[in-house]
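This is the structure I want to talk about, given as structure tokens.
Letters A, B, C, D and E mark the chains as written, and numbering starts fresh at 1 in each.
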Amino acid sequence: MGGELKTASGGMTGVRSGVGSELAERAAGLLAGGEVRMFLGYGAGRTPLRVRPRHVLRPEAAGGLVWNEFCAPSLAKYLLEEQEEEGRVGVLVKACDLRAVKRLVADRRVERERVLLVGVGCPGVVDAGKVEALLARAVPGEMVEEAGVRDGVLVVQTRSGVREFPREEYLLERCLHCEDPNPRDVDLFVGPEVAPWPARPHDYAEVAEVAALGAAERAAYWDRQFARCLRCFACRNVCPACSCRECCFDVWEPMWLPREVSVSEQYMFHFTRAFHVAGRCVDCGECERVCPVGIPLMKLNRALQKEIAELFGVERPWEPQEKEPLAMYTPDDPDFH
Amino acid sequence: MPVNEPHGAAQAAAPGGATAGARPGTAEWEPRIIGFCCNWCSYAGADLAGTSRLEYPPTVRVIRVPCSGRVNPQFIVRAFQKGADGVLVAGCHPGDCHYSTGNYFTRRRLQVARRFLEYLGIDPRRLRITWISASEGQKFADTVREMTEEVRALGPNRVMRDELWAAN
Amino acid sequence: MKYAYFPGCSLSGTAREYERSTRAVARVLGLELEEIPDWSCCGATSAHATDKLLSLALPARSLARADEMGLDVVAPCAACFNRLRTTVHAVRSDRKVRQEVEEVLGQPYAACSDAYALPDVIVNRHGLDNIVPHLKKSLGGLKVACYYGCLLVRPSAVTAFDDPEDPQTMDRLVRALGGEPVVWPAKTECCGASLSITRTRVVWQLAAQILTAAQKAGAEAIVVACPFCQSNLDMRQVQAQKWSGRRWNIPVYYFTQLLGVALGLPPGELGLESHFVDPLGVLRQKALV
Amino acid sequence: MKRIGVFLCHCGSNIAGTVDIDRLQEAVRRMPGVVYVEQNKYTCSEPGQEQIRKGIKEHRLDRVVVAACSPRMHENTFRRTVESAGLNPYLLEIANVREHCSWVHKDREEATAKAVDLVRRAVAKVVFNRPLQKARIPVEKRALVIGGGIAGIQAALDIADAGHEVWLVEKEPSIGGRMAQLDKTFPTLDCSLCILTPKMVDVAQHPNIRLLTYSQVENVGGYVGNFEVTIRKRARSVDESKCTGCGSCWAKCPHKVPSEFDLGLGQRKVIYVPFPQAVPNKPVIDREHCVYFKTGKCRVCERFCPAGAIDFTQEDELITERFGAIVAATGFDLFDHARYGEYGAGQDPDIISGLHFERLVNASGPTEGKIKRPSDGKVPRSVAFITCVGSRDDHKGISYCSRVCCMYTAKHAILLSEKVPGCRSYVFYMDMRTPGKGYEEFYKRSQEMGTQYVRGRVARIYREGDHLVVQGEDTLLGRKVLVEADMVVLATGITPRRDAGELARTLGISYDQYAFFNEAHPKLRPVETNTAGIYLAGACQGPKDIPDAVAQASGAAAKVTAMFSKDTLTADPLIATVNEAICSGCLWCKPICPYRAIDEKIITERVRGRTVSRRVATVNAGLCQGCGACTVACRDGAMNLLGFSNEQVLAEVEALCR
Amino acid sequence: MSKAVLHLSEGTEPGFLREVEQEAGTRVSLCYQCGKCAASCPVSFVMDLEPYQVMRLVQLGARDEVLRSRTIWLCASCTACSERCPREVDVAATMDALRALARRSGYRPAEAQVALFHGIFLDNVRDTGRLHELGLMVRYKLRSGDLFSDLDVGLPMMRHGKLKPTPHRIRGVEQLRVLFARVRAREAAAVRQSTGADRESEAAAGGRPEKGGEGR
């Protein structure tokens, strides 16, 4: 990746790193050639640590597209609204984003032919929330002026100086599990393939932590977590498996989820959200990343993945299955005593 | 997998006097169990328990559904949320379902739902899924009796209770 | 295979020859029998005829010692086997019964060890294929009526030894020894065991029926696995002949004695001298002795 | 706001005996939406129903709740009542305060509290009930009868005589079933085949009946009025159109095997008809034993067949057809007496079952009607009959009474004394059960002919020399008895066919712990099953004699013809329905439906000024049976189930938890 | 079988059936008089009541007639009846129970010698831990007065060494003594509890079976 510290700020006019420029050219070419009516990529964000989704309609505007270690958000869910317009849409996808798009296609909410997938090898992206929290504790009140990753180390410049964060500290939790950072069977691939790194196995360790507690402690644990929930529905909005046209939480009759914010309604919301994606969650971790109050939503999703793996022998429940585990049966499924 | 609390120990104090789960007016707390019974087998089994005058504790209230496959896990959460101390889902024996495959889906969904509720802190003994045929009136009565004793030992359900929310 | 050996009271008395032939055969077959230290009487019929708890507690005392030895129990005598098995079954299936037995016994008893009949151990668990290599002589088609009596096979839910109506364990053994087990209808008819002293006349009648049936089936010998059956058919055969006026003169062997003969053991070691009906005549005919 | 009327039933003392109806009424009056509450001693009676009609009119009720017995009993009754008062029949809910409350709880306080909850549940649900109309589904006016015994034959003839097309499928090469194996029938001693053969011929010649023998039902799909059935017509290796039934093939066939029809007592050729009066009188090649199929040689039958009808290359044929109704008449098997070690465990050739005796005494049987002992062919001088073998035995057999053994044993005794004068016949019985017309007189006739009836179950039977000894007890005397018999006939009990459970699963009907098919109601609906469109006839539903089997067959036929008398059937409206406004078209629901009732369709709608087309799910009202499994797969609740909707169930849960 | 009229409403004790069922642990009420037990019974020819007749009388509550019968003492416990009963009634266990009830209620056993034999057998076991056959034979002959039977067999048995002269005393005899005492104590408690029941039935039945009898 490389690129001097300065350019990493990704300012509108900054010199592009290698992949960034190749991406911009390809996007412009696609738009100019009319292959896609729009290209969905990343643009500079509010702070150097973050980027913002960028809908590019005109070839000349493609210059604003960036690619760096801060491109954490998944762009898959934006395809949902784009389905209503005619024409094909190009979208930049990392390996985890590709699983999200496959999920939407499997759920027949996005048609594969109307999407042009542009894959990019992902070096592992920064967990901006975590870094900002560390900074806030270390140098409260200071803004991030520049930030960049050089040789696997995140370097952040603030008013009082430069701080460095090693890779294990700055990476998003999901990247630690990433077995293959290069999206396969995409339409186009920009930049070089990235060498994979030793991935932490899917051993549901964090699920087991809570599971080991006694029943009362578990209930108390989740009470504390759910107590913080603002019901902002960010987790639902970002989730590729939550693609209903009108979510049951918004339906007035029947009132699945009363609007009152109380501990029992929190349980109803979180149980339902997790159970609705059970067997279809692609473990992309976006829900946990976007949750403003940091509720460990992946613990819920992975607990369900673990049950489904154990009960029905689904080795990789986070990969879209050919038949949805809870929409099929075998006569000799495990039974109740 | 999660450690379930031994009988009643972890469920705070024994349910003496009017506690959160007690019904108004009853001195001693009685477990409140919601039963989902499928019309063709377990509801008929419950009817048979009636015609055979088998006695069992009045702790279960039955909701008739066409098939156990109709029971949405959200109904179960709604029951626990609104004050149920136990939920019973009874269907036909696998292979005997009137709709041929309904209970196969019940078996899959509620296996996962039951373990997930356990993960969230509800003791799995509060949610019992069992198969009762139209000729098993005795089994229905025994199931209700066993479940009542188990839930009584566990005490009133504290999880998902607004009262608790107000308490701490 | 090693077993806790529960000989029972009659094997040191009226069934002396059953004890000696059992020991001899076990030695040859490499079957280790370790006598339960300080075992006591199983109570036989008198205990359960008097008090149910007594009939369970008495065997429990010896069974508790077998538990400590960590060995399953083998009982040559059908009555002891039946009582031991009933106790193990009762204690395992009912917690209340276990508490009562422990209270009366004055020590814990968890019914860990199982109890097996001697024919079951030798023919089924030890197995015929481990016996055939040791055989020295063949019974030469000796026609044998295998008599199981009642306590070995009934109640089948508890004894679980063989088919209660048509048991075949000893028949298979006799065939393996070169003998010819006859098909006859009184295999599991009772010989009136507990009445042999108090109502001897009844035993004569039952013995007569059994011996006549064996005779009609062409049996040259009867083989048994229970001291009561042996004494009622052998010892009282003479009396029954006087009482009924019939003649049978059929020798009654313990299956361990016949097995011993086929293993080439001398009659002296098998207690063949202490029979009432001459057991050696038939064996000499078959050049077995 | 809804105007709900609640009618509380006393059911005599069945409910009022344990539930305090007055306190219940007090509590119900305060429930939201309830404008009228009333008590009735017998709500299901005519005056009770009249009060409901009056209540609806006077109080302008738009919802009705009846707190009485189980909805499985009178839901339809009260729907008709409500409909006759001008209210849509589906605006009704039943609270089961009898089977689920008053009958099972003794404490009056607790029972009343529970009754209040159950009524509150019904009231909370009825608020969300919507007026529904019965859907109309077409009826395929063709009936399928499974099983060609007397019951199947009678049902087929009755339906065909009513002018409808009937397919009769029989597993054996010929129809006739168990009755064809019998010699005479009680109590009239008619020759069984003499009264059966005419009916078999009628079936073969009836223009409306298509007869498929040597065939089995493999798969049943669809639902009442529209069953889709796949039938496997096994290869006979004989071309039925050419074969004239002249019999030269089975005369010349060089190989013999034990005849199943004669239960192994006699032999049959490898190419055979099971019995001379077989219908169709067309042989079948038993490919398992046919030399040609093993070694490719022989083909004698082909050489001697004048019509060239032999066709070794014939394959099994799978025929699929649509049927409106199905009648199951698969008959019975006999209890296997090998389970009784004390009765010889099935090893002794002279200890035979009642059906064996029928074959011995039958003129077209293996011994041409002369009663001979299977072991050595000797004519028996004394025969012992034993009833209740297998029946009424919780330990080794079946707990129920098989109803016919006493009578056919009496018949056997009569036939024996007629055919073998001077032969002593003993019948060991426990209770002589003679319930039918002319049955007791038939028993008396058996006694008059010298049959020795000994009251007591036999302990054991053993062979002694060339005869059998039966050891029993005469409990009227209180003494043990012994009988020396040349032959013993065991009257073994009636059990369902060995594959009855499998067929029940194929048909989707329920069966009891013995695998007899479950009737809809033991007293009121004996020929129907819980699966609409599938009817029962004969011993497959439970042990019965020929008169009952025939009566039940005509009953089933009447039900079928009643269904066929209308062109369409009113289908239950309680089916799934899609709210197209919410439906995302993800079709997660589709793989769940066992009846393949869910499909996708494209709808076009105007959205923000533009016409847009999108995919939504749609439910075929004819196929959907209303199980609701799809509604749970639909995350956003677009798929709902009428009569048990999400709104209703949620309301019920909340009502019961308060 | 007594031919006296059985006054069902006064001459019988309804509680007797439940008492027997509890003691025997089997449902005597299920017996439907099929006779298979009697047909299987090897010793029914010496019994005064057939096994199913005993069951019938227990069902009817004819306590005296059953507990005075010879049948309950002559049953050889060969369990052919229980094995073959189509209603799964444990007839053999019922006979055991009736013997215990008879002894508890003080009925004189109709077969005194059988009861005596069991008593001596158990005393022998209690005193030495194992049964000493010779001791049993001698004591039984003296107490029953039947001195001369089996002498023709006794001598040859001696010769064959089948009659061990000395009893074998086990080490744990004390444990056995305590065991028998505890069983006796529990039985006495059962008697007190049942005699309470006896008093009501006694009033109904009129007259008390005479005391005495050898039963231990």
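Everything that follows uses one rule, which is that a contact is a pair of C-beta atoms (placed from the backbone, for glycine too) under 8 Å apart; a residue touches a chain by one contact, two chains touch by 3 or more.
Keep in mind that what you see is a predicted model, and the values were worked out from it rather than measured.
Peer 1: Imagine chain D is absent, with all remaining chains left in place, and give the connected groups that result.
Peer 2: Without chain D in the graph, we get A, B | C, E.
Peer 1: Which is the least count of steps on a path of touching chains running from chain B to chain C?
Peer 2: Steps on the shortest route: 2.
Peer 1: What's the farthest chain from chain B if centres are computed as the mean of the Cα atoms?
Peer 2: C
Peer 1: Taking the mean of the CA coordinates per chain, how far is chain B from chain E in Å?
Peer 2: From the centre of chain B to the centre of chain E is 51 Å.
Peer 1: Please work out the Cα centroid separation of chain A and chain B, and write it as a whole number of Å.
Peer 2: The separation of the two C-alpha centroids amounts to 38 Å.
Peer 1: How many angstrom between the C-alpha centroids of chain C and chain A?
Peer 2: Distance between chain centres, rounded to whole Å: 78 Å.
Peer 1: Please output the residue numbers of chain E that touch at least 2 other chains, ranges allowed.
Peer 2: Within chain E, the residues that touch at least two other chains are 45, 80.
Peer 1: Among the residues of chain D, which ones contact at least 2 other chains?
Peer 2: Residue numbers touching two or more other chains: 342, 460, 592, 633, 646, 650.
Peer 1: Enumerate the residues of chain C that touch no fewer than two other chains.
Peer 2: In chain C, the residues touching two or more other chains are 164.
Peer 1: Throw together a list of every chain pair that touches.
Peer 2: Here the touching chain pairs work out to A-B, A-D, B-D, C-D, C-E, D-E.
Peer 1: So in the complex, the part of chain A that touches chain D is made up of which residues?
Peer 2: 84, 107-109, 243-248, 251, 253-256, 276, 323-324, 326-328
Peer 1: For the complex, give me every residue of chain D touching chain E.
Peer 2: Checking each residue of chain D against chain E gives 342, 388, 392-397, 430, 455-460, 471-475, 478-480.
Peer 1: What does chain B use to touch chain A in their complex?
Peer 2: Listed in rising order, the residues are 1-5, 10-12, 73-74, 77-78, 81-82, 94-95, 101, 104-105, 107-109, 111-113, 115-123, 128-131, 158-162, 164-165.
Peer 1: Residue numbers of chain D touching chain C in their complex, please.
Peer 2: Within the complex, chain D contacts chain C at residues 340-342, 345, 460, 462-465, 469.
Peer 1: Over in the complex, which chain C residues touch chain E? Could you list them?
Peer 2: Touch list, chain C to chain E: 9-10, 12-14, 16, 38-41, 43-54, 57-58, 61, 100, 103-107, 150-151, 154-156, 164, 188-190, 192-195, 197-200, 202, 205-206, 235-236, 238-239, 273-276.
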